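Both complexes below contain chain A, partnered by chain B and then by chain C.
And now, the complex of A and B:
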């Protein structure tokens, strides 16, 4: 029951967010058009990166005990974001014939149903527990906090001379049963646990 | 003018060359197309691979990594430059081969490939998950391609030249099969026109046409040859006929002059004696009688001459009537001797007969045979001094079976140069006009005509001063010489 009311509440919230985001996007579009020549905002780039990471990752066929609906990729965010709107713009985006469904998590335990989980810097302290919860789960973990990749987050973005770059922890990805494309691995600034990637 | 051989070789080389050229051109075109397609496919595959490798770099804005991936094209030295463009058509990363001056264009060309004489420029889209995320352009030099093409053309040229050379060598040998019969024929024709040797023949060999040609030529030659032979034969016959006619003409003139002379001599004396009697009616009876006897004898001579002429003419013109019967030669000779006896006794000439036993019977006209023997006897008496002897021998002729009659005298004999002609008309031994011996000169001629009519032979043998022998042979009935 609780989960039902939670779901309903979340849906209402999601709808509100979508409406809000739509309005925001229109404004953002105009805004973006105005400054197209200058570099886009940092989180806008990061959101796009996250969106694109998904294209280079393969999930195992039978993941999440089948409790992820067909045609949907659940993209969860844990922790506070400096620019929530950039991520919210991803909600409902189509990717490989599936729709991205954005969910802001309150608790780390909820992360088990996510295929993609963004961990903000605010969860840095509870990171081991979160990763513990995800143990054995095919969930792509993404972060943008220094040291995350080394600590077990699969893809961790960072700024290098105002350009967004990323490190990859292939070990944890491999342990989770995820396959990250070598094309992506080749672009990684630092690659952790490369010897144990692959099979 | 070209010879048949040259023309044959030329025609064949032209045909072979044309066929080779067509084949080589087709081959080259197909090969060129294959190579071009292969090149385009090769570059297109490279573009796909590089594009696929670059998807992450494009998406995650990593130009340096993209340039590294493009750098893999270094392995193919045909590729001069290459470039990756973002979805928005901005130059994202570029590759430039070493020693290449041209840079990749700033903006992406249209998708597809563009092949000019020097370069292949291929542009294709880069997709990620069915979404176009950029463009790749590769520009490849056709230098290697063209070098290969040139090499191929050179190879083909060498093959064509070698083939033509081989064809020429072969043709120089094989053309003989065609030209040899023609040349033979031409040579033969030359020889025939030069030497007029129409006996030569062409040997038709090789193809049907040449055989027909040779046959036709041979037929022509045969026709010419046979006509030639006919002409020659006709010419010889004509010449012979002409000579015969000429001889006959001469003979006729001689005959007429001789006959005239022979006829005139008795008439002259008859006329002279008769005139003498008419002028002198008072002539003594004795003298008159003697003159009339001479006139009578001359008239006899004239009558004999005319009858002999008639006989000869009858025999020669074939109107003589031959009353043939089986005759015993002995009886014939006896009759003849009896007939001539008064003349012989006048000159005191003895006539002996010798008869061999078992003489065959001959079939002939009795009067004619008697005439022959009498002629021979009177001839012998005429040309003999008084007191001579004549021997008539009758013997068997064995091969072929027949009867031989010979009349041998002891007279003056006949010079050997005259022996051959004494059987001709008006020929007598010695000069006719100066001869003291009377006679028409037709007797032996008539004898020969009669003997030859019965298939026999007559000839004379003589020794001057010792006498002559005239012999004739008659075949017995049923055999002939």
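And now, the complex of A and C:
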């Protein structure tokens, strides 16, 4: 037998050894730390995304008719959440020298006073009415339901291979007078509408 | 065998070493392995399942880019979606690790058989997949492109994509499979003809420890797997896995080889039984190491399969008829964000493939061998321009250092090289319209150049609907086997072969009915020209020629439903007609109808599931123009696991009602024109993670 299959085996075995030698060189702590730690919960991570989104959005100086006290960002949630506690943890957190104040809304009409509004999947059917109420208001709308960005929600999170990604509707954000930073626009999976604010 | 053991031994040794180093290191937080769980440092609260009233400091310290790399534990929610399905410029099916467990899939062939519009054909040697009514007999899956973590799996001699037990990876290590229908040559080059099947492996984070799995089943089937995965900080992770598999196979009966049968073959013997001829043995190993955007992976697999069908006129009932496939590669990839919205990806790889076929003629072995060695590199850059364009551009370069084929009559040594460049632009014209335009040029020293474009419009006319208009062309390069294999005077080579080309038009409509229910409908037509076909000249000598054409059209409809309870349903129906326009005849091995039902029923929430599969394949013609009847096969898998998901057990029955059916066979199996398929088989499996 001229070509012994063992040659492949030997080469791949050699490669495997190099691979694991490289692994060992990384230091044992890399292997030891956090063994068996499970992944963070979906909404814990989504809450952190919301926190980061707020950092990368600039609100116009005027708006909300002076309804929001100085030094405060009113973060509202409309609809049912599968994991409320993760969002509750954001209440009182400081962002750029302001404090987040979390409000769970019961009616969509109340949303005009919010700088940030999270729309859960349960408001999907009444989404057009909710967005109608917000027309012209500088309210950053965030969701995590298929089709929300297309339908006018400014930032919509989705999961891709267990990782959180987001789409941005730059058109509605621009119309509301919000400036979304280029950094955020660049990280978005899909951008809807030509942005007049991003670049 | 010896060196395989040496891999196992060295891997085992390294594992022991790793464990020793790990437990000896004070940084582990606890010196005793047994207390690692309780002894977890207080500042790693990543495992908490809900908000604990204070934000997660670990997550807070991360940048958006880092957050985007974190895997999350998902909650069951009908709203969950993967953008790729609804907005990809093709009709996509996703199969996940959970599907593989709940339906007890053991090979890629099992998986593909469950997918809308796909069917498989098994000749007791290789599994072949047919797509959209096209499933040439004797083909080795050269018209689909198989990618494993982005690495091309189709080898460089026959261009075959292994989907049976010769596949390079244990399917238990698959995290997700994306099957994109339609031509993909504008991004991926050769073989992306009918579909691109992209396989992503499970990450070390998901394994987080050791997994041991054992499986046993009918025909003395045994499979064992050991996997170790460890993910550390700074994106460092290591995965290693080894699998062994053997299946004694049944003693198969072939009427054509039964001396009692009036039309028996002259080779008929042993009452038509091929004793111990259907054995199947494979071993595979997989390793992956990642750090900060750098990924190194290695794959090795070998399989030996008995050929019980006396193909190529070989002796009947001699278990020494066999084929052996050996495949291995090492792949290094580096991904880096090099600027605002600009991502760079580099890849270098080295691949090997060996084939040995032992054919017995009156007791003497005729051995066919081939040997491929190739290496190459890819560079890909993706960037966003003016906020509405997303541009992907890349170049690829490959050197085939060895593409050798030999037997007692042939000593053909070849080298070849190829390169390609491609560009794709995704344009968000408006919120309701996205355009994909892509083109790729491929050059190969074997045939020259070919250019393949793709154009797609993704329209969202209303809230819950998506319409996709797709056009694309694709090619399949002639393989070295088709170009140069010869056994003079009867089998001649043809170095002048040109690529096969396909043009496809497709209209896809997807509608979200809410509450986790989605409907997908597709209408397509394609035409193929220059099909590489084995032909016979007036003297009866055979060679491959660019000869036949195919015209086909079809309709596919699929319903997908997810319930909050964890149950799911996937129901599809595919109707197609693929003909040779020169003869007007329907292609062989081309069913006009396919129907599939896949149901997961949670019998006890999160703990106990039933996976039920029903697959109907319509009548097919053999190459000898005999009609084989349609058939429906039912498979059932019961899976249970404990709350912590550390122990998982399953029992499965394939072909539950013992339906008798046959797949058409290629002409090299004559006098067989079809091969009887497996009746009812049973299997049981236990997986333990710690």
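Note that the second predicted complex is superposed on the first by the 156 of 199 C-alpha atoms of A that agree within 3 Å, B and C clash if a C-alpha of one lies under 4 Å from a C-alpha of the other, contacts with A are read in each partner's own complex, and residues count from 1 in each chain.
Heads up, the rule we're going with is that a contact is a pair of C-beta atoms (placed from the backbone, for glycine too) under 8 Å apart; a residue touches a chain by one contact, two chains touch by 3 or more.
A quick note: this is a predicted structure, and the numbers were derived from the prediction, not measured.
Residue contacts after overlaying the shared chain place A:107 against neither chain B nor chain C. Judged by the touch definition given at the top, the superposed model places A:52 against both chain B and chain C. Of the two partners, chain B and chain C, it is C that touches more residues of chain A. By the touch criterion defined above, A:163 lies against chain B and chain C together after alignment on the C-alpha atoms of chain A. Shared-chain residue A:44: touches chain C; no touch with chain B. Once the two complexes are laid over each other on the shared chain, residue contacts for A:181 go to chain B alone; chain C is not touched. When the shared chain is aligned, chain C comes close enough to touch A:193, but chain B does not.
Of the two partner chains placed by superposition, only chain B is touched by A:96; chain C is not. Where the contact sets of chain A with chain B and with chain C meet, they give residues 49, 52, 56, 163-165, 183-184, 186-187. Touching chain A in their complex are the following residues of chain B: 53, 55-57, 59-62, 65, 128-129. Interface of chain A with chain C (complex): residues 1-3, 5-13, 15-17, 19-20, 22-24, 26, 28-49, 51-52, 56, 82-90, 93, 121, 124-125, 144-147, 150-151, 158-165, 167, 169-171, 182-187, 189-195, 198-199.
Those residues of chain C that touch chain A in the complex are listed here as 2-4, 6-7, 10-11, 14, 17-18, 21-25, 27-29, 36-37, 40, 44, 46-56, 59-60, 62-65, 67-84, 86-87, 175-176, 200, 205, 208-209, 230-234, 236, 238, 240, 285, 287, 289, 291, 296, 298-300, 302, 324, 326-330, 340-341, 352, 354, 356, 367, 369, 371, 384, 386-388, 406, 428, 430-432, 434, 460, 463-464, 512, 514. Across the complex, chain A meets chain B through its residues 49, 52, 55-56, 95-96, 163-166, 181, 183-184, 186-187.
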